[in-house]
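Listed next: structures, encoded as structure tokens.
Okay, so chain A shows up in both of these, paired with chain B first and chain C after.
Up next is the complex of A and B:
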């Protein structure tokens, strides 16, 4: 595969941040608190740490195949049959993630803002924008992620308002009251919010300076973990555990609390702008899906494949699904995603190291 | 460029483009070439042939030129008079000896040897004089172009309070001298191209060796060499021919009438193009942030400049998005307004028969038509029309309860903001985006605004001009380069200017 060196270390990190932060943040405080109680924020931080370890393993795996992404190295590493099966599984995962991302956001808009408009309208818009982002290639996608994250992530500073207005006694005891199983369940529930970091496998071959990758992984996953942890702390502090677990998308409710003399509710404005972040996430997944199809069908044209995949996903996910069901589905998917990426990294890394050693010796 | 019919026939007959292209015809000799040019210009009354003979051996010579383009007095003094003094060609047999004799006697600055009829014709059309000599297969082209343009005037579009008060004119050489006056270095490279098959025009490519990247220069050079058009009249034509994405509404080359702006950009490692007959220069590569920069930025205090740049960016956002936000909030998302403001808005809109989106689009169309109208009205009555349109019509639509007073404020403010842009092309882009955003907001509220802005960002992120990202220095982020984009540091604090372009 011909790779164009065009992604900076900063863009690599921004791609990871953009791929991680989309819809998960809206329901994260609730899903984590339901399982881990007051320890939810510790569980979220712990999940972030686990994700960081897997991301570092994935980064090492990517570094073994300079100039190639999984579409290129999977069949070389695992053989044609196993490699294709793995690519197919990976493709299904990426497609499902794209569908979930666009569907959840569309359902949130229909649920909270434009109740008479079918969510499919918004899902279509997100998918069209994702296809456009994919067609821009990895360099365009990286620039888009960079600008989007810099523009929209500061919106989350609005969460400081409920954080400051919260009650400290809601947070006591500081590390919560969950046992180890509750803590692990909370971390597992947070997995969906951390899905998507494996974009690093696809952007690594395009890095101008591959040695900057580790630093990018560290700060990007660290930043997302910090944002998620603070969001969860804000949710618990402001609503208290009982109230929090009754809210479907508590982060949006928290955003509606920030108020100025000109704007009374920020949740609507936040949703207007957050579409950019959602498109970064679904765009990266669509890009990965397109490259994976190219791994399966090497002669497939990138642009046509991206358009075809986008159209297919839209038709495949046509219809209305309640938001609560989608979020429940996302929780299941998050566990699968993290397991798949972790297992892939743990199994393929030794194989890759052996292959690299073989290449060096022979 | 070959038409589709020519392409089809070429394909059907199996002739490739190269095969169908006519080969350059060499000069055939004095009599034959003279007849050829006389025949070619038989309908051109300004085509002039001055024939004369050398003193002793009677060798025939002729100076061919177009009176409308060349300076006859210069030709008489610098070509005909010196040549009349030659008694004989020293030795016409060895190739070049006779040509050198003629060349040595000419009193002109620029003399070029010409071998083909096409080259001679192109030079003739550019205003040069062609000297044909009996017995020689080569001719000499003498630069004796006359300047018949307007005199130097102050800039009309890019006006500034401080700084140089000279603008480019239609003459390429004069424009080059204006740049030369500011860039006095031998590293200034000037490459000449002749563009246009039927209507050739001279184009100068200017860059500073060592500052402009070799890759960018090579890319632009090959693009210019590959341009295949019948004629170019203005630099605007070039923008679409050189643009990586010609269908994009975003300007991808800076267009300026100011020599100081060209000089400044050359020093930043960019490339400038000067086209004969066009009073504007093109500067490449450019990014979106360049649209917010004005030459005056470097003549004012850096703090003031930083504030002005921030205001321009804010004005662009307001100009494009404020009417759309009005539509979205009034139609769907009134919950974002505080209660007092909401009551005020509701009172202002009471009795308006149209939905906000129709009301807004109607008002913007009205203002845009008014703007178009005043552009084409003679300046003396233009102000009157502006007053009638702006104040009388505006007042009338409010009294007739067709639009709300709040909307008039929103649209008026938005239109004023659109003129805060230093680059006039940004005004057109703002108008275009304003319509798209308003319709999107009317259809699906603020989500439409967010979706359109996301699409715009994706489009800008995918754009590259000569290999340089359109969104630089924000994407890819170059912190060192931001010192002269969002902010403007004092001169001693500005980082190496060339980093801005070479960084990618």
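Up next is the complex of A and C:
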């Protein structure tokens, strides 16, 4: 595939923010608090810091192969067999991520707002939009991410309502409520929310100024970590642990509490505005999936592959799955996703450095 | 051309997926419940659920204003109503959840769970407890064609600059209900006859044609008015103290206000206090309305032989409303004396109110949370309701008068 230099550093960061924030934030305060108790927000912040380190490693890995994304350099780095196995695993991960993203959001809309409409309808709409976004290429995705994140950012101000209405004593003691294993389990539970930043591996080759990538990674992951931490703080302070751990999607419940004289149901408004973020996330995964198929089958057309993959994922995930089951599945998947990306970065970076050194010496 | 055709086809196919096909519902087929009442009856089916929605409210005939359904649960009642009525029930604009006196003494958590099964439930709806039944309260016909649901909600919203109570939403109530070491406190309301004296007189005359006056109907309405006359207003008469999901005690309005003071939630409340006779400051009148402008309540805890000793430090900034004495309060000595007297009265009343609440085992002051934070090794959530009953309390109050009025002394004829 011809690599076109078309993504600015800012767009690169927005793409990472859009890929990270989708459905995970809805259940994040609960899943983290179930494990880490009152220290959940510290666990979420800690997980964000760990993700930032992995993202920086991934960024370094991407910088070793300018002009190529993993579909191009994986077989060169690991050899044809191992490279293809890795690509296949990566493809399966991307496909699962796309399915989970569209199905969870569709199930949330069906559960909370449009209760008579089958969730498959919303899943289809999200997937069709994702395919269209993917067909626009990485530059189109990046521009779409810019708009979606900008539209979504004002919703953050609604967090002030639960923060002001909450009680800080729910957050105390900051440490000591859960032991170190609980703290780590809380950080692990946040994994699904932090999944998706590996899009930077695919957008890096398209950067106009590759040196801006580090800064983009720092502020984008930092911003997402701050948002997640603040959301968890608000959830614990407002509901308290006992109430919070019984709410399936506490973030949406928090949004439903914010009322003004004009708009009484911010959660409905938020869900409609959130669709952009969800499409960015599933679009980036679909883009990665398409590129990974091209890595496995170099002669495959990008557009046809994207349409085929989107159609296949829609048919493969057809049907109604309860939201509770989907969220439980997402928690498991999050651990797999983050482990895969971390292991890939940790193992492939030394290999890449060795290969780069060999190239220089050769 | 082919691509355009494909795009057109895709748009046509997608348009069939628009959700309006499934969830479109004309507004006249929606019933937006604005107030919901829950009563408990001793014989099964136990629940009497009263529903108020705007279409009903428009019919002024009393028998049509509210609809009551008896069922084994709130969920069953709402389902029955949905089926028989043919309208789609929505709790999205629910203003108030009214709990009858007897229902409040039963476990309320099944009711909350039933309501939470409705995804559009408005968690910002206020929870109130009523003296008598919720059905009676929701049957009140407020004056000036106000809707009872709006009237009830504004009753608590207008707590600012009134002698009422802060509101408690379903969300706050649920958090307090579930969390160990804290309990809910909700406003206690009651229907009253009418606040209009002329109207009260007419109603009393109509009810008693032989000329005998019905008791309690007029003059600000204390009591429930004449039996024959419909109730026309609602008044906050105190607060209900919860322990988990059951009411364990009710407080009078003055007691409730001192509990709010101890909670630090009395900002902008008007508190009516009685002062002990004092020749220097209160030669004529010993009752005064104080407007609380800023209240800071700091609780501290010390364990003495495993008995919790709580100390409350109150700092109140207030304004005087009806000081009837003739002392020049602009003089520092006089104002300092009055501030000290106010501080003493606030201290005594707050202490009594706090002790009364603690004796019930309920914990709206969230004292258990202080215990949990400060003495985690002694904290036992299951034993807390017994422990708080043995707690000792000390209150220290400091009052600061901000506004004494524009005039230094009373305005009255001189040498006439």
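Note that in this section the second predicted complex is superposed on the first by the 359 of 362 C-alpha atoms of A that agree within 3 Å, B and C clash if a C-alpha of one lies under 4 Å from a C-alpha of the other, contacts with A are read in each partner's own complex, and residues count from 1 in each chain.
Methods note: contacts are C-beta pairs under 8 Å (C-beta built on N, C-alpha and C of every residue); 3 or more make two chains touch, one makes a residue touch a chain.
Computed from a predicted model, the values in this text were never measured in an experiment.
Once chain A of one complex is fitted onto chain A of the other, the partner contacts of A:125 extend to both chain B and chain C.
Of the two partner chains, chain C is the only one touched by A:257; chain B is not. Contact with chain B, but none with chain C, is seen for A:136 once the two complexes are overlaid on the shared chain. By the touch criterion defined above, A:8 reaches chain B but does not reach chain C. In the superposed model, A:273 lies in contact with chain B only, and not with chain C. When the two complexes are overlaid on their common chain A, residue A:265 makes contact with chain B and with chain C alike.
Once the two complexes are overlaid on the shared chain, A:144 sits against chain B while remaining clear of chain C. Across the two superposed structures, the residue set of chain A contacted by chain B and also by chain C is 113-114, 117, 121-122, 125, 264-265. Chain C meets chain A in the complex at residues 10, 14, 17, 19, 21-23, 92-93, 119-120, 122-124, 169, 171-172, 174-175, 178-180, 182, 366, 369-370, 373, 376. On the side of chain B, the complex with chain A involves touching residues 328, 332-333, 335-339, 341, 444-447, 449-451, 453-455, 457-459, 461-462, 469, 471, 474-477. Within the complex formed with chain C, the chain A residues making contact are 111-118, 121-122, 124-125, 128, 165, 167, 169-170, 172-173, 176, 238-243, 246, 253, 256-257, 259, 264-265. Across the complex, chain B is touched by residues 8, 10-11, 109, 113-114, 117, 121-122, 125, 129, 132-133, 135-137, 139-144, 146-148, 150, 261-266, 268-269, 271-276, 279 of chain A.
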